[in-house]
Amino acid sequence: MADPRFFLTRGPFTAAEIADRCGAEVVGDGARPLTGVAPLEAAGPGDIAYFDRPRYRDALGASRAGAIAVHPRNRAAAPAGAVLLISESPYRVFATAGAMFHPPVAPTPGISPAAHIAPTARLGAGCAVAPGAVIEDRAELGARCSVAANAVIGAGVVVGDDTRIGAGATLSHCHVGARVSIYPGARIGQEGFGFVPDPKGFIKIPQVGCVLIEDDVEIGANTTVDRGSGHDTVIGAGTWIDNLCHVGHNVRIGRRCIMAGLSGISGSTVLGDYVVLGGKVGVAGHLTIGSRARVAGGSGVIRDVPQGATVGGYPAVPIRTWHRQTATLARAAQTAGLGDALTAGVGLPTEDQ
Amino acid sequence: MADPRFFLTRGPFTAAEIADRCGAEVVGDGARPLTGVAPLEAAGPGDIAYFDRPRYRDALGASRAGAIAVHPRNRAAAPAGAVLLISESPYRVFATAGAMFHPPVAPTPGISPAAHIAPTARLGAGCAVAPGAVIEDRAELGARCSVAANAVIGAGVVVGDDTRIGAGATLSHCHVGARVSIYPGARIGQEGFGFVPDPKGFIKIPQVGCVLIEDDVEIGANTTVDRGSGHDTVIGAGTWIDNLCHVGHNVRIGRRCIMAGLSGISGSTVLGDYVVLGGKVGVAGHLTIGSRARVAGGSGVIRDVPQGATVGGYPAVPIRTWHRQTATLARAAQTAGLGDALTAGVGLPTEDQ
Amino acid sequence: MADPRFFLTRGPFTAAEIADRCGAEVVGDGARPLTGVAPLEAAGPGDIAYFDRPRYRDALGASRAGAIAVHPRNRAAAPAGAVLLISESPYRVFATAGAMFHPPVAPTPGISPAAHIAPTARLGAGCAVAPGAVIEDRAELGARCSVAANAVIGAGVVVGDDTRIGAGATLSHCHVGARVSIYPGARIGQEGFGFVPDPKGFIKIPQVGCVLIEDDVEIGANTTVDRGSGHDTVIGAGTWIDNLCHVGHNVRIGRRCIMAGLSGISGSTVLGDYVVLGGKVGVAGHLTIGSRARVAGGSGVIRDVPQGATVGGYPAVPIRTWHRQTATLARAAQTAGLGDALTAGVGLPTEDQ
């Protein structure tokens, strides 16, 4: 199914070969040749699909997929014709198969003559630099890095091996590790939003820290990470940040955290490891969010969150408390008999936003 | 009033000519010559203005505009000197007049010698490509497209006729229709945020779908649309998306939807046609939002929304329920007598954000 | 501590010299030489640090900083070895010291041969234009402006003296004052989100206003400011806008306002002077927010806010009312005994966002 304009396709692979790669059990004809991955409702006899959400049960039953990865508890719901790959994590089977059929393609090494590279910049072996990319004075890139079209690597920036900088992204005042992906339009290392209010305006706090991005980090499209004022702003190894997120100055994020789209962390807040922020979460400044804490989408966090806690709401409270509050309010409103005289000003865009 | 540094001005046109173009009724001197559009309080005798919001009633009475578009019910409130263009939709009259005086100016066709166009790319007749724009291998643009300065059209991307790509925008892995406007800094087609958590980090789900943008779509400045993992991410014909929005992977948006600024839709959610999302709305993943559903600004949607429903709140509920809940809580708090001992930690930025 | 790859360092300065510059009182050896600024826990004997938040009291006691700026009420908590700089605003002392040690470095004047400057553009004396920057027809820049790599100054744009345009930022249809900082990736002057719904789609409202940015404004990374439809969109002198904010068309922001990250203001809303919006605030369209009003982070404002008021919540109400509501609901839920049967659908990203 993958569009050959954009994706390389390898294979075919048999169901057994795929199962073998990810430790799944095959039920049915393991020799069936497969040529690609597809969602349940779009898959044909040459595709492998997966099922792991009850809401797609109808799609499972109707699927024409040649092979389907399912959890042991769902094998009876699968259609008769499909080879099954039984696994505790059907999604992982699907991910493995996808990577077999469509291995990521590294950009072809080479420096475009239309790139602008300062004479004092240093590039490791095997880098790919696209047209319009700018690499400024004394910047240092490791081996096999790619810098996409119109990206900017600022003066003095250091980038590790095998790191990818997306189109139009800009980096300054930062040290970036190995195997990092910076997505298109991300902004790394600009001055933080630090100031002292003053009758005559604002006195800017010099932002003389850097951004330190450890290995294996992903920074989403149009996400911004400001440099520190004294501390560095730190993104720990293996952390993944989605699109349109904001990481304020001096923030320190631990290892293997997740930050979903449109979330923001205000200055000087510290996150432990394995923290999960849902989408559109706001975290106030100077807080501590403990390791393995989880914050529900849309929440506003204004107090420290203990290690391992799950919180939600605005302001955020323990998740069960939030659900109890939501239910309490719903019940109170049902019995309050206030009628419907309350519908003004809901903020819907109509004309002329 | 339009600044001649930036806008072309045609005309003058008489009040009758304008009324004729949009089916309005003229009250007063239809032969009055008009030279431009302006808001009520800034308009002079040569301008046409419009009135359709009660909060601007004082501005209406005091306006020196030569002509004013008003709803029939508001004609008595208009100042004596103005020619009136009576219409059920005064704003539409204003829009029509604006387009008469200031017709959009297409970029002058021509390929800048400072653009970087791969030899294998194909451009239709009459395209305008600005300095610094990059068009990569095998990309195909239709007729009369414009690619603004420093925009990037990735390898293999297909773009229809009369489509405009804004400055600094980047496209990859996508098929774009005709008459589409991609605003500056928009990011289309990068990898979605798809992964399987794993003790050793995250296993990336190969993102081997595309983005499919149908005809007449608008994608706002710095908005991001991720490509699908298996499905394509789809933006239906005539849909308008504002600035700084995020559309996650595999999302399918129907026709003629509206998505206001800073809103986000998580992966695999499906919207019908004519759906309206207010500003700063978050929609969780794997949901279905029915056609003509409306979501109030700031809401967090975590359940399916039926066709035609209007919802609001966090978590979002039917809009009347939300208003009732808000009123119930307000009343309960008024009578609770908790005093003022509750003012800590409101998350205002003071010093050192 | 400032990384010499990125920052210039001046000095050393004595504690007395720093105190003298910002009117602090020295307690201890004013002749002690200092070489830089650092946070309390990282500072060594050559650094000056500051203390002004109770949560960092332990760090104060344990600090090895050579000098510490403290409020008079906290002098007893400071460690014995440190020279103290006593001030009502320790953070301002720190800011002053930072600017002494690390004065901002203006880009070296000069026009890169890899910049693309239209023959009809005019640049003042001493401008610095980086590779890949595009300056279009009839644009006019004042003296000593800097235009970073791959930024775009659109046709006709006017920019005052000493203004800095960040990497990858794009400007069109705007007049920009002196000493303004536009951060990387900001989008200024594109068309606003204005339309009339119509059975056949949307009728676009011609956006024939500009953006007017007064002196001393800061516009954060990837922030968007749309041009007006009739009015100009105005950002008043000395206002600071953080990253990833959206300012809609026709919005008028007064002088010395603060707008923290991920906030948005819908079309035609007017803010007075000294208004403060916390992070992730949404303000609906066509509202008036009075001078010195303050809006707590995460709030959704759907009604006018009077001068000097502080509001919070969604929808926003006076801040004390919001706190009372929050407390009332918390208490009601505690006594409601609804148990824990309420934990579905919290919108946390798990797999496949």
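Per-chain residue numbering starts at 1, and chain names A, B and C are given in the order in which the chains are listed.
Quick note on the criterion: a residue touches a chain if its C-beta (ideal position, glycine included) is under 8 Å from a C-beta of that chain, and two chains touch if they have at least 3 such contacts.
Just so it is clear, the structure is predicted and the values come from calculations on it, not from any experiment.
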{"item": "For chain A placed onto chain B, the superposition rotation in degrees, Cα atoms, nearest 5", "value": "120"}
{"item": "Numbering shared by both copies at the chain C-chain B contact, with half separating same from different", "value": "different"}
{"item": "Intercentroid distance (Cα basis), chain C paired with chain B, Å", "value": "25"}
{"item": "Chain B residues counted as touching two or more neighbouring chains", "value": "91, 132, 150, 168, 185, 193, 195-196, 205, 222, 229, 242, 244, 248, 260-262, 266, 279-280, 282, 284, 297-298, 300, 302, 314-315, 326, 329, 332, 346-347, 349, 351-353"}
{"item": "Footprint of chain A on chain C - complex, ascending", "value": "1-3, 5-7, 37-39, 42, 53, 55, 89, 91-92, 94-96, 98-99, 101-102, 104, 112, 114, 130-132, 148-150, 166-168, 181, 183-185, 192-197, 205, 216, 220-222, 229, 238, 240, 242-244, 248-249, 256, 260-262, 266-268, 279-280, 282, 284-285, 297-298, 300, 302-303, 313-315, 326, 329-330, 332-333, 336, 338, 340, 342-343, 346-349, 351-353"}
{"item": "Touching residues on chain C, where the partner in the complex is chain B", "value": "52, 91, 116, 132, 134, 136, 138, 150, 152, 154-156, 158, 168-170, 172-173, 185, 187, 190-191, 193, 195-196, 198, 201-206, 208-210, 222, 224, 226, 229-231, 242, 244, 246, 248, 250, 258, 260-262, 264, 266, 276, 278-280, 282, 284, 286, 294-298, 300, 302, 310, 312, 314-315, 317, 319-321, 323-329, 331-332, 345-347, 349-353"}
